[in-house]
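Some structures to go through are shown next.
Both complexes shown next keep subunit A, but they swap its partner, so subunit B is in the first and subunit C is in the second.
Right after this comes the complex of A and B.
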């Protein structure tokens, strides 16, 4: 048991190891910056856009994961928080020309007064004229996304409070409803002076949302805060709430405070993500913040691994890839091509199933799903035989990307319900195989010895689990033990 | 000095009275056991003391101050922690993390300084980890070393019980409520946990109130035993006195039926021995009248 001399519990805060991990992290960041720089300068505009979108959505998914993964509450209202951050940032950062265009537009419901709200005017009123020049737009943008995040955090506080009374599906419905309420309220007359109703407004600068440096910078900051939070005492308390709320409370965790705290922090970063999102899109519109957005995030979280920041980022990469590079899925193809494709998928699935079953030494079996697919193919062949013109047409699969993602989610949920990497998290210790995951043979032997009743059974009575009626009887003499 | 005073505690769920006018006290440094048949209200008492349920009447005082109406986590902060009969560990978290959660309420840093890992937070985190390993060391080498970083779901049932006790100890509580600490343990492990509970009192300075069904454990370590039946306290005293109490025997084994024969005549005074032991008072009265 000499290994006990360096208890593994203190590995995480062992100074030498921490320094080494910090050096490795900095080196990794350096390599990441170089790779990003290379991709940006060599790659196409489309690639830069996809990378930026990954980072923008990454901010959203990592923050949503704080509620869904760490706190264990299914929240479906993330698009609502993003909308608040997005509209706030959009309005605050709108440039002068765009403001004039909206003002002169006949369909606009915004007023001169509401269009006067901007970070530039705000700074001017406090005498910071130096920050209102075009060169200092970045500072104004930073202030804008920060304010957007703050407003979203206030909304997070409001949604967080019902979470104290409700749980599970009921709470999920409330968060979903809240997200929709935010979106619909934004289009009402009450707010249309600020939001321009359902029309929204164009003219938000894309300088930041489409820059990999800005988006990845914000993503790095988000990952830093959320992961440090997750691995702090507060994060442990939140995970304890996820595991067992009653036990967490019974161990002194203030469940109400930690739930609301989680909601507020998550909503703040959702607001920031909203600010980046409108900049990526170059404008603000109501249908940029549909529930679909939250759905994509949920797919990313579930596919990657609920609760794991690493997994969530992997899942986000997958979703963004399908979204940005899935155009071939939605193009128009001849019916003939579709049929060949279907036959190919069918053959592949059958071959895969056969391989799987023989690998596991299971008897080959005809699945009903195969029969349905084969029947459909036969039907198509029949139709083609009767009417050859059927094969000449073409078909365009609108929404195939969403279908593809949904099918992907189903497949992942069936074969790997915990997501691609489960709850595991990236760490240098794990990568360098420093973590001890099991006992040594010596420890195993000691463990067996400790819990074997036949060995060293001194002091124990021969009976096990004697019930009270047997024991409480007066006949049993106390000294008999 | 009385650490915990429970006075005339009442709680009913609909028509069922789970706790009916129960009073007892636990002095500092004592090990007190609550026993009773299933459904006697033992766990309800625990839930009332820890603030999970609000009593319908009566008072619970901890170190002289009433704790009725305080929330569960506030009560933990005052110094009462518990374990659960059906184990409520954070199964996806490691052994060490489980014990650390017990200490979270003592943390004096805000969430922001935790994120920024300020020196103050680091110092507290280190102290928490040291305290956690110290509490786990109560249970010998089996929860040390590689076990610290193992998720709870891989642990044996007995080790889970031990982890839960360590977690309760780590809250900094002075009074521990242990709900069946030896449930699911084999005889050797039961004997060991008996010694550990004693050491928790002697070395750790904890006062212990426990619910237990294994009478050899109760008899060996209890300073006092409280017996509950149908929500009422029916006996209190040393283990020896309590197990010989006729009321306790009745609660566990049932009352002797009145059909019993003459030798039990003094118990069922109303029945007439001449009548085959069957209580038919009219016969006796009739004879008297005639």
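Right after this comes the complex of A and C.
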């Protein structure tokens, strides 16, 4: 996995240290590339697929995190943006014969003339019609996912505008509504010349979406752009909006501009993720873009740490792992096996509750709810051991992975709403457990602002603790604001 | 929960809603007359059928929307899981009227779960688990349910009542397990939890029921066919035409009088206005919230059973609840969230827009028709109402202040 060090509050201004961090980052990227290469050549096809899916969903979660984490708006319409990017990419990457099949499909009672957009003309005008040989396919794909992203960004603009008037859960439900409107509209006859209705179309090449190089390349680009954005003045403005919209407005942050900008950039990358996703799947169908997708991203973001790119990638890894390697859970087993499994889960829950109450020093440590859990576990194990006649037959664990993920999300929200690592980001200084030695970028900017003579003639100069980097020492933590 | 209209409002403002309704009716009549002159298909029966469907669907949405509006009115939570509660409320009667009597072990396990739920419900209102009433109700409930499930083939009305009770217990447990620990958490966390609960129930539904359509045809006189004579053309329908609106009306009236006439209802209204102050005045807000979930789930279960009757089948659990649920939420917002009559009005608007509007703009050789878009109407209306008048038609102003 490529790691990108981003400046955090722990990063010192010391140029030597900066150089070292850069070297470490480059080395980490190199190691990441080597590991990826090793996994790709040694590992199974399933592993490669899982890795590629991690990167594809990583693009989506990192972009969703820009709205949900950095901007602090709960957005539930990401599947809609991905749908736009996915269908666009799919349509532009299809070969001529497959496209004609959509047009002549029985469901396509509408022609391209209805909406007046001909895909052939579009391909010609962006110069994609020439790129038909396998050697030039990559260029075509690259342009296609870019165009998909742009189209999704336009949708992001449309969705972002209500965000100026609404807040909180109303805004969340409106983004959800937009996502569903996009999905429901794409299946109508009006667009069937492009989407082939709800059936969609197969035959999107998997050459890119299942290649770790392509997907991780796009992921690295996304993480680079979004982390740069997060630590730019734009990102700080967005975080100010997240903390307190009215205060941010009072401090001169252009709330409307930054909100819409966040939506547009996030939607762009969601569209790109959609383009990778259809390529990973090898086709386009309406039910590849259900609300479920956004839900999985939400689990990833909340599990990792809302607002932290590092955390979001960790959460994505978890969700992708469950999705790709949890399929044994969904197979058919004897009811007896399920009873043992249920007993195990209940016993674990009881043990967890006991440990939780002990750690938090809650009395009584053995709450009667814990006893009920343990008792039920024992009962289930007992029944399974006796194996009475009515336990004949087997049972298919259909939907177990989703159940696991939703229970996980509820548990996270109740016990650790900040997720695995909260808002912390990966940084070399934190990894090496370094002390801070100087002011951070943010503090330096503040100092520069405070020492501006025009701003305040006789008043506050630079803060008294803004000494040279080396004498400040650890005591800085208490100083200042 | 509603704010009375100010008597000082200008007369034309008070007449405005009626003017809007009258204009819409006039436009619809004009359009119907025009369509009738264009196509043979668009006769009185065509529009009567659309009207009947609109009223039935609107009533069903109203039953779901009331749960949304009550919960939002008090804890400001879009209870995403309410659609799934409705789904469970639709599947439970199916399992009661088709599969009873159950085998003894299954009946015992189910009775145990339900009796435990009953125990917690009664405990909540009596205050203590050691109360003889609580223990008595739970014991009688357990024995009665176990016998009823194991030896009685449930008729539809009993399945409906049983499902309402079971779903009420479910709604209450959702509140206890998922929402109570988050009472003081940020609202976004609460909403995410609600989405997670909704997903959990969808997939538990898939696991427990099926991933195909389930036929829902109980033996009940409500589905006996009725033939209406409209302008010389026969319209085939059934008694649900009367039953659904009447049952809805009875439940809505019962709910409204509960909220307006009882002590607990007064506490609900107080908590809706200001939960914190209500708490200080001695209202047990937790009890009030639990009541809200209980009543909302009760109504949603009734809606679910009648939904099944109306359509003759139930969709697979993953999509059965979410769309009606979110449309009902849209209805609650359109009517004015927090207001009981608002939810009913909004639900009727959604019902009419889905059936009557599509009948007014049907597919013709020259026009695509809007039937395919009918699922998006609720969302479009929701977005428009939120942007233009977030307080809805009759609701109070909930815009956030500093």
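Everything that follows uses one rule, which is that the second predicted complex is superposed on the first by the 347 of 481 C-alpha atoms of A that agree within 3 Å, B and C clash if a C-alpha of one lies under 4 Å from a C-alpha of the other, contacts with A are read in each partner's own complex, and residues count from 1 in each chain.
We adopt the following convention: contacts are C-beta pairs under 8 Å (C-beta built on N, C-alpha and C of every residue); 3 or more make two chains touch, one makes a residue touch a chain.
Quick caveat: nothing in here was measured; it's all calculated off a predicted structure.
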Partner chain(s) touched by A:417 [first = subunit B, second = subunit C, both, neither]: second
Partner chain in contact with A:246 - subunit B first, subunit C second, else both or neither: both
Which of subunit B and subunit C A:409 touches, first, second, both or neither: second
Partner chain in contact with A:443 - subunit B first, subunit C second, else both or neither: first
Residue contacts with subunit A in the superposition, subunit B compared against subunit C: B
First (subunit B), second (subunit C), both or neither touched by A:236: first
Partner chain(s) touched by A:255 [first = subunit B, second = subunit C, both, neither]: first
Those residues of subunit A which subunit B touches in one complex and subunit C touches in the other: 246
Subunit B-facing residues of subunit A, complex: 1, 3-4, 7-10, 13, 225, 228-229, 232-234, 236-237, 239-240, 242-244, 246-255, 261, 265, 423, 435-436, 438-440, 443, 446-447, 450-453, 456-469, 471-474, 476, 478, 481
Subunit B residues within the subunit A interface of the complex: 35, 37, 50, 52, 71-73, 76-77, 81-82, 84, 88-93, 96-98, 100-107, 109, 111, 114-117, 121-122, 124-126, 128-129, 132-133, 140-142, 144-149, 156, 158, 167-168, 171, 186-192, 195, 213-216, 219-220, 239-240, 243-244, 248-249, 252-253
Contact set on subunit A toward subunit C in their complex: 74, 76, 110, 162, 165-170, 172-174, 176-178, 180-181, 184-185, 187-190, 246, 291-292, 295, 298-299, 302, 388, 390, 397-400, 402-403, 405-407, 409-410, 413-414, 417
Subunit C - residues contacting subunit A, complex: 76-78, 103, 105-106, 177-178, 181-182, 185-189, 191-193, 195-197, 199-200, 202-204, 206-207, 211, 318, 322, 326, 329-330, 333, 368, 372-373, 375-376, 379-380, 382-383, 386-387, 390, 400, 402
